[in-house]
Each structure stands twice: as C-alpha cells, then as structure tokens.
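Each chain carries a letter (A, B, C and D) given by its place in the written order, and its residues are counted from 1.
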Amino acid sequence: MADKKIRAQLVGATGYGGLGILELLLGHPNFEVSALIARDDAGRRIDQVYPHLTGRCELMVEAPDDSTIGRDCDVVIFATPDRVSQQYAADLAARGVRFIDYSGDFRFTSTDDYARYAERHPSIKDGSHDNAALLGQNAYGVSEINAEAIATAPMVGNPGCFAIGIIIGLAPLYTDGLVQDGLVAVDGLTGSSGAGKKPAPTQHFSHLNDNVIPYRVLNHQHVVEAEMSLGRMGAGGGATVDFIPHLLGTTRGILNTMHVSLTRATTRDTILDRYRTFFAGHPFVRVLDEPPTLKGTLGSNYIDVSVFTAPGDRRAVVMSSIDNLMKGQSGSAMQNLNIMFGLPQTTGLDRGPLYP
Amino acid sequence: MADKKIRAQLVGATGYGGLGILELLLGHPNFEVSALIARDDAGRRIDQVYPHLTGRCELMVEAPDDSTIGRDCDVVIFATPDRVSQQYAADLAARGVRFIDYSGDFRFTSTDDYARYAERHPSIKDGSHDNAALLGQNAYGVSEINAEAIATAPMVGNPGCFAIGIIIGLAPLYTDGLVQDGLVAVDGLTGSSGAGKKPAPTQHFSHLNDNVIPYRVLNHQHVVEAEMSLGRMGAGGGATVDFIPHLLGTTRGILNTMHVSLTRATTRDTILDRYRTFFAGHPFVRVLDEPPTLKGTLGSNYIDVSVFTAPGDRRAVVMSSIDNLMKGQSGSAMQNLNIMFGLPQTTGLDRGPLYP
Amino acid sequence: MADKKIRAQLVGATGYGGLGILELLLGHPNFEVSALIARDDAGRRIDQVYPHLTGRCELMVEAPDDSTIGRDCDVVIFATPDRVSQQYAADLAARGVRFIDYSGDFRFTSTDDYARYAERHPSIKDGSHDNAALLGQNAYGVSEINAEAIATAPMVGNPGCFAIGIIIGLAPLYTDGLVQDGLVAVDGLTGSSGAGKKPAPTQHFSHLNDNVIPYRVLNHQHVVEAEMSLGRMGAGGGATVDFIPHLLGTTRGILNTMHVSLTRATTRDTILDRYRTFFAGHPFVRVLDEPPTLKGTLGSNYIDVSVFTAPGDRRAVVMSSIDNLMKGQSGSAMQNLNIMFGLPQTTGLDRGPLYP
Amino acid sequence: MADKKIRAQLVGATGYGGLGILELLLGHPNFEVSALIARDDAGRRIDQVYPHLTGRCELMVEAPDDSTIGRDCDVVIFATPDRVSQQYAADLAARGVRFIDYSGDFRFTSTDDYARYAERHPSIKDGSHDNAALLGQNAYGVSEINAEAIATAPMVGNPGCFAIGIIIGLAPLYTDGLVQDGLVAVDGLTGSSGAGKKPAPTQHFSHLNDNVIPYRVLNHQHVVEAEMSLGRMGAGGGATVDFIPHLLGTTRGILNTMHVSLTRATTRDTILDRYRTFFAGHPFVRVLDEPPTLKGTLGSNYIDVSVFTAPGDRRAVVMSSIDNLMKGQSGSAMQNLNIMFGLPQTTGLDRGPLYP
C-alpha cells in the first residue's frame, strides 16, 4: 500500500450515482476524493444535501467549469447524464487525466455503434459524438469481460445497469454459440433508484408503491450495448435482445429473467458447470443452484446468476440479480477504478448484502 | 328517491381529492357529475389522466373560469388548495349554489379563528379572508359532531385529514372534561397520498420507501381546527394539541396515537363504554377492543378507535385509524353531501376495507 | 329480480379466498350467505377472525362435516385446497346442489388432463381423481372463454390465478394460429396474497419486503391448464408455456409478460384491433394502448391487456394485469356465479380499482 | 494490531441477531468466529441457511450442548431468547469466559429489578433468576452510558432495541432533572425484523405490508430497563415511560418520538447545545437540527437524535432513530465487545447508512 493516495474528482456528485461512488471512495484505503462537483447544490456541504452523511463527509460541493474539471487529480469520475463527459473528454485526454463516465458517452468504440445507441436514447437528439476521434481509445467497462482494456484505457464507459446484468448473465451461452438465432427475451425488473433522485410522476411514491410499471417496451437504449457485447462473443453471430423493463415498488435492485432457445440440447448441470468455469476467478459473480433473489445482492457488488432448462433441454432460462446502484453503477465503477490503477478488484468493495 | 339526480360539479377534479370524490359520485345512486373542472389536464379525458378509470368515466376535463364554476349544478365540490373556493364563494352564495370545500377556507366560523389557522399554514401569507362576511354561515364538516349545521349550511368546510382522526378520537374525553389541562400529545402516522399527486423530493419513491419522516414538528396547521373543536366541547376548557406528523412509506392511511392525563381516575372499560354510547348511531365509527390498525380501514369510510389506560387509570392512550383519502377527505365529503341533501349518511359509502 | 335471494354456502371461509367471495356476496343484491364453514376458526365470529369486517358481518364460522356441506343452500363455494371438493362432489351432484371450486379439482374435463396437472402439483401425490366419473360434466371457469358451459354445468372449476391472466392475454393469438410452435415464454410477477394467509418463510415480511423471489422455475402447476386451454384454441395446434413465477414484495396483483414469435408478420395495430374485437362485449377485459400496470386493476375484477411488437413485426409481447384475489380468484368466482344463475356478469362486481 | 485474534463463539447463530453479529465479526480486524452454534439448522453450512452469505462464510452450524458452549474461545455471544444464557452463565463465569447476551437475562443488576422485568415479559412465567448470585457482576450494555462497567464486566446484557433509543434519546433530560414527574409518553415505530425470522401471523407479508399495527399497548417489557436507567440518572427521581410500540411495514429501523413536560422553561437551542455537549466523544450519536428519519441510520450503528420545544418552552419532543438490528442489537453488541476488549468503539463498525 503506497503512502500517496489516488486523487479522484467526482463530477455529478449529488445524484445517486455520485453519492454511491463517494461513499465507496470514503471507505477505500487507496483513494481520496479531491473535489465534489455538481451543478445542483453547489455551495452546500454534501452532508447538508445528504444528512445521512453527517459525521462522515464535510466536503463542499463546487460548481463545474472548465477550470475545475480535471484539476489537481489523478482520475475524474463523471456520474453525469449523457453528453456531459463528451464536453471535457478531449481536454482531459490531452492533459493525460484518465476518466470513467457513467453515461453512454464512452461505452462504444466506434461512431457507428454510438449512433445506434444515440438514436434509441430518449434525450439525445443527434447521433453524432462530440469527440468521435477518441472512440477506439476508450474501454467498455464490464469488468468481468473487458478487464485488460480497462486496465490501460484513458477513458472507461461504465455500463448501463440493465446491460451489465444481461451481458454477464448470458456471456457463457453467447461465447459458446448456444443461443438459437442469437435471440433472447428478457424481462428486467428494476427498483426505482435507477431513475435518479429527481422527482417525477412515475417515481412518485403514491403511484409506484405496490405497483409494477412496464415502460419503454422493446425500446430501451441499454439493449444496444447488450446486443453489441453479446453479439461479438464467440463466433460473433450477433444478438437480438427483446427487452421489457418493469419498474417495481422497491428502491434498489435489478433482476433479469432471460429466455433462450438452445442450438443443441444441453443439460442444466452442464450449463451450470460451464458458468462456474467461465466465472472462476471473478470474485463478484456467484453462480447459484437456486434462483437468485433481488435482496440477495442488495447493497453489495455481487451479481448472482442461475440457469434452468425446460424439459428436453432445448430451452434455457437465465436469471441474474444485482444491486443497480452497486454492480449496476457505482460498484462497477469502483471495480473498474481498481483495475485502472492496478489494485485488486475487491479493494473497498467487501461490503456484503444487507439482509434482512 | 326521486328520478332526478343531484348534479355535482367537481373543481380540482384531477388531484387525488378530486379523483376520490369522482369515484364515489360515479357509484352513488342519487348524484351525477355535471362537470370536471381543473387547471391541470384541461382538455383531456379523465380516463387519460387516470388510466385505471378506463371504461368507468369518459368525461372531459374543463378549464376553470367564472362562467364554468357553479354552472348548471346543485352543488360544487372544491377539491382545491386553500384560497380557491374563497374566490368563488360570494358569487355562489348569491346564486344559492351550495358548496363543499376541501381546504381550510371554510372550516372556521370567525375571522379570528381563520386568522389563527392562516398564520400557521405554510402557503398562506396573509391571514385575512376574502369572504369574511360569509364566515358564520358555513359549517365545519366533521359529520359525527356537526351534522345539524352541515344539513342546512350553504357551504361546508371539509375537515383536515389529521384533524378528523384527532377530533373524533378525543371527542368523548373532551366532552366529559376528562383531559387534564386540555393537553394531548399526538403522534400522527400518515401515508404519502395526503400530499397529493404532485411529485416532490419528500414523496420521491427512493427517499420515502422504507422510511419514516417526521415533519412540521409541533407546527402543523391542522392542529388549529382540532384545538378549536376539542376546546369548545363540554364545558369548553380549551385544548392544546402537541402534534408530530410522521410520513410513512405507505400510500394511504392515518393512525393517530394520543396521550392524555385524566382529570380523574377512570378505568378502560368505563371509557370504552362511554365511547360506544357516544358514537351509537354513527355508522362509520367503530370502537374496538383491540388497537386499530392502519389497514383495518383502508379504502373505506370507517374510523376505528380504541382506548387504553396506564396502571392507576390516571393516563389514557387513544388510537384512531382512517383512510386519509376516505374518512380523511373524499369519504367525509360524500358523507357531508349526503347530509346536505337529506340522504342517509351511508349512501354510496358501503365499500368495506380492502384486506389483505 | 325475484324477492328470494340465492343462498350460497361458503366452505374454506376463513382463508383469503373465502374472505374475498364473502365480501363480494355481502354486497351482492341477489345472493345471501347461508353459512360460513371452515376447519380453522370454527366457533368464532368471522369479524373476530377478520376485525376489518366489524359491523359488516357477524356470521359464526362452523366446522365442516358431511351434514353441513351443501345443507340448505343453492350453491356451494369451495374456497379450499386441492382434494377437498372431490370428497363432497358426488354427494352434492346426487342432491343437485351446484358448486364452484377454487382448486384444480374440477378444472379438467378428463382424467388424463387431471393426471397431468396432479403430477405437477406440489402437494398432490396421487394423480387419480376421487370422482373421475364427474369429469366431463364440469366446466373450466374462464368466464370470457367458456361462459356457455359455465351457465349450465353442475360444477365449475375456478381457474388458477396465473393461468387466467395467461389464457385471456393470449387467447386471440392462439385462436388465430399466430403463435410460432405454440411456444410462449412468460414471466409472471405476483403479489404475496396468492400464497394465502398461512405464515411461511417465503411470506415472512422481513424476507419478502423489497425482494423479488423467482420460484418453481419452469415447473408451476398452473401451466397445465394454460397449455390445455390455449393449445385447443383455433386449429388446436397445442401450446407450450415456459413460465417463471416471481414473488414480489406487494400484497396483491399479477402481471404476466408473455413473449411469442409470430407465424406471420403482423403489426401492433392489427393485433390490438383484433384484441378489441375479440373481447367486445366482455366488460372486464380492457385492451389498453399503454402497458398495463399492476395497480391499474387493484381491488377490481378487470384484466388489463396490451400488446407490442418488435421491429419487423415477427415477435410480439403481450402483458396482462389482474388483481390475483379478484379476477385471479374471488372476482372470477363471482362472475361465474352470476353466469351460473343467469345474472349479468357485472352484478356485484362494479368496484373500481383502488388508486392511488 | 496484535497477531492473535480474539476468538468469539456465537450461540443462536442462525437468527437475525446471530446473522448480524456474524457479519460484523467477519469484517472485524481483531475478531474471528470460533464456532456457530444453534439449535435450528445444526449440521448445515451457514451459507445454505442464508444464501446471501455465499462466498463470504462457509462455517458449519453446530448443535448446542454443555461441551460446545464456551469451548476454545475468548468470549461467547448469546444471540438467544431469554433464559438461555442463564443456563450457562455460572459455568462460564467459573471458567473465566466472558460473555454478552442479547436477552434480558443480564440487563439487570439486582433480583428485584429482574423480577419486575420478568413479570412483564410475555414468555417468562417465573420471575426468579437461575443465576441470581451473578447479578451485580454484570453490566447493562448501553455503551454511551455505561462504558466503564462494560469494559471489565464478566458478562454484559445487551439492551433491548426500543430501550436503547429511549435511554440515549432522553439521557440528558433525565440527568439534568428536566422531566416533569419523570413522565414521558413514547410512540415507538419499528420495522418487522425485531420480531426475528420465525414466521408469524403478525409478520405475514400480506398482513403487515402497508399496515401499522400497535401492540402491547402500555405493556412492553423493554420499558422496565428504560425506566430503571432513566430513573436513576441525575438526582434519581425515577421515571415512568408510557410506551406504545407500533409495528410498521418496513424491515428495519426504530424511530421513537418522546413527549415530556419540562420542569423549567428551556429553549430548543439550549437543549440541543446540552445534547451536543453530553454526547461529545460518542461517535455513534448524531445530534441533528432536523428531525431524524428512519432511513438516515439504516444499516449503520448511528443513533440520530433531535429535540423540539412547544411554544413557551415548557414541553419538549425528542426523536431518536436507529437501525434496530444494528444500534438496536448487533451493532451495540459489537460496540460493547470492542469496549470489553479494549478496542476503539468504532472498530469494525464504520459502515455508513445505506441510502437511498
């Protein structure tokens, strides 16, 4: 453990994403937070914005501008919406400041891929990328699939919360060419915190409590990165993900249930063995005999996975569970930061699930 | 029952309060809805605003203006914030159109009383009443306490959701002069729907779920009407209500727990007997042996009450449970409308609690 | 409407299923409850078992025996587990007393069909039916599909809560032969009340709250009746239902999301039009443009359905939402009782969804 | 940090209390778990009992007997019901093995005190203590009040979950003799996990969800230790606690709202200043300007406290919030173990609240 800590600057510090990585960094032995930057709440202490931080962090939130972003730090973490990190990327790259971004800005390594994503995104009008020249240097941040690239990339695109559960959950099947027509039907169940802290009718307590609300049916932007990742695994036969997100009346968690037809009859035991081999050495992937539950990963960075087959073993169902704010967001970011700076992946991420 | 239905116009039709009375009116044998009026959502069909009404109501929402309010109807229901019905009251009174109002505008029968309320209210700056001359003609709408006045008043002020549970719950004790110093400590637990349908940080699902949030500690405006009602019962010794509202992560319901010292030792059985006598003939008040539960009244117009005494019988605890949107709002309004038009109080209100 | 009410005897009166039909019967203009029978709680008043019924029903619960079952009534309602109504069926049939049963005992009209169901059921060891001779006289109680048979059958098997949402949701597609290979992948999301009122680890609050728990993966017994019903529609090409039930931390509601490949490209609009035609005249089926929500049917007998297609229109997703204790159980039973006794299907079922 | 770890044996390892301290010990730098002992689940691996522990702990659960209890360890933790540690206490004391107990067995330092508690307890029939001779050697485990005694006591009685929030919340007022007649009215709101993992009708999801259930009104056994602790503070004028526990539909957390009349007018600012002085140096007590919230301490060992006064400053309301399984149980136990073994109180307890 070196004397000098890695200085991380946090942009978008007052959203749930910023809060999540702040709390992980506060408990991390090798990192320190150099600055909290956010448009909202600038000028307030972070423990006034989030009273549960009382006694834990007294940093002042600063407003973003060209001089603050990337100042006096080893890495910048953009916990910001799409099209924010794009504005600063060229400058940071030129100054040699590495960064990780929570949005879709640097999840894609070609302008074509990005354009496919952008046209699906509800708030991006124009499919062109402000820093197209950088695409290709960046790494897509699914730690379990792409650690080598993440380790050295100047910029990492942290994956979408739904996408990571789909990609890790199906990676062995796509790698082995087991998915008929590359087609998977996915029902994703998500807690409300993925929508962030901004009040909205869909997130209004009286509306969401005890409810299930399907939305963006067959039209969610996270599908694009899942299709690209899965479709290029193994022999690269492509992937089609029919995805229905369902908003639940819970705060945290994503459980994806994924249905595929198999190209050849394969028993459940064979598949589970393959999964255990595939994910050996990946400390956050737990392959379970029983179906994963939402609460089994709550508050932790684990992704719990299981697989079942239908009679005849020609169809399989895969389920994966994550905490959407941990493995689905800040936990993955922390894991990626560990990889970027040569630390063990689990450093600062040893918090287990909160149960009951 | 005559052929002709009573025509009710609904102002503020698209909030939770408007929705509640609309649904009761739709199922009522003696009323019909003449118009839905609201500033928000004007020009949309109500079943577009609330899809759960599909196949139940197709009325168009109209914008409010001087010509629409009170047009072609027997009664106007203002399910609106403070200071709305005040604007129309003189005109309606002059035209002989009776009305009931959900806000504090007509809960008080003197300008002094109103001023005390107004200064406590978070959004009323000025304590003067726009139609002070009408105060005195109006009736305060706690049906169980004030039915005689309600029956003939040109305008009825529907009570506050917290106040009604406190007033009915304590009425026998104050009437009998049993409350030491007129002082009661009340912890009120409320579901979130009392705050209406407008998204807000406190009502944001991720914040409120699994939470309890005390607010407006010792400073809630509903206390004023509770103190006035209770303080004038029996010998009229006054009342002081120390009230702490607690917002819960539930949609509906208010449970008030109320602590008093007694002026003379009185057993639990004596008090329960007195309560049963006091509320005989009031079909919505249920005096229980066991503590009331929040869900025991959910979706119904009941108020469940029980009383316990401490060893020595010099201190008592009263608990009351209501559905805040029914007995705490639209159910009481419907009950008052029945009284205003000479119908049995229970007409259109026979829906039992939804359990489990 | 005649003066004389139809006398309904309720067996299994103290479970959630019994409670549900009791409350519907109490509010029904043409029925009266002749007796409440249950093994548990015999000798107690029903409002002691369920305090929310205080003031609404004071009937005493009676113990079941050969003399009480079917005594002095026009119809018996078995809100009981599998293998209970079988014991009394022959006797009731001989005496001409019609009955409706909530379990799987009379959902199947042949011994082969019943055996397929029984072997899948977690608590039925032996696949033989105690009253095999009666199978064929009974009617399977999906009101929208089978009203003609229900109207005259001596015994009606009320459908399983998951099955009814799947069958109604997919009936137009199977009828029209649109489902490729007859195969559908279904993710069912259910509230906890479907498991009844008996405490169990899975239903323990601290475990289930904020959780999602997949269970009986690809192995739920309700699939059998869904496959039989759907597989015999249209040209009768058979059906395979890959079904994953997910237990949610909500009390009520079932939302099924169902994925099919289409035998021919069909646009969403074409399918929605077909659904609207198919269900014309069925007052409880609402075909929506937007995805149905769990809370959109809460407390009511509605089933809300919508359909979406993937780009290319070769794959469709159907979603249906019901209240599992209403349309999924007691509401359907009430609807079937109306049909059995020649009443309009909606009588006593006009309660709308409880929202918010 | 010494080489050798403190060996802790855990009895009652498979309840929520056992789980809580197990997880804290697993993450503690100075302790190791020597054995998991429990009557239920003996012979199973703990990660089979609690699948969320997969990859975190593989210890086998052992059955309790005279030879296992206290074997090869430095301290025994009894996360067991009343009357269990009493059976082993004399033997452990004789062998010099220190222990901490979650039940009421060693919360009282005289047989009179214990008898008062025992007669209030729902499951203790006989008020006599099996090891009365040991009472007086033990320490009552409210770390903030009693650290000196805890540090050296051979046995520590971990406090009741409701009691600790009441005692810490009111300690400054009772110490200063500010509470009129020593009387306080307390409404306690609790999540369901305090009742443990055993399924029961009150904890059944369908019953508790969206509900509030007052219970043991003015009759809860935790009151005894609160009255004794508070009543002996300052000049020792005694304490009377009128306490109403309310079970909420949440998993974790206790929020107590406490009403007192003051012996002399005292401003809110004066009281808050006094609280801040009183709790200076106590890292887990946070005195807040705003009301504490349930979720503000969730998953952490904090107790958040605030105080408000009524107009005239003659009455005050104190609110305190804890996680009932942390500061209300295992967190306090860990804090006490740190004190018992001379470690900083915060060691192994640095986990912050899980928000949102």
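Convention: a contact is a pair of C-beta atoms (placed from the backbone, for glycine too) under 8 Å apart; a residue touches a chain by one contact, two chains touch by 3 or more.
Bear in mind that the values here come from a model prediction, so they are computed numbers and not experimental data.
Remark: among chain pairs B-D and A-B, B-D carries the greater number of C-beta contacts. Two copies of one sequence, subunit B and subunit C, touch each other mainly through matching residues, since over half of the numbers at the interface are common to both. Greatest centre-to-centre distance from subunit A is found for B, with centres as Cα means. Taking each chain's centre as the mean of its C-alpha atoms, subunit A lies 46 Å from subunit B. Mean C-alpha position of subunit B lies 37 Å from that of subunit C. We define each chain's centre as the mean of its Cα atoms; on that basis subunit B and subunit D are separated by 40 Å. Shared contact sites, meaning residues of subunit D that touch two or more other chains, fall at 16, 191, 193, 197, 206-207, 209-210, 249-252, 293, 295, 356. Only residues 185, 187, 189, 191, 206-207, 209-215, 217-218, 242, 244, 246, 248-253, 255, 257, 259, 291-295, 298, 308-311, 315, 317, 319, 321, 356 of subunit C touch subunit A when the two sit together in their complex. Every residue of subunit C that touches subunit D in the complex is listed here, in rising order: 16, 191-193, 195, 197-201, 203-210, 249-251. Within the complex formed with subunit C, the residues of subunit B that make contact are 16, 19, 23, 26-27, 50-56, 193, 197, 209-210, 251-252, 283, 286, 288, 290, 293, 295-297, 299, 302, 304, 325, 350-356.
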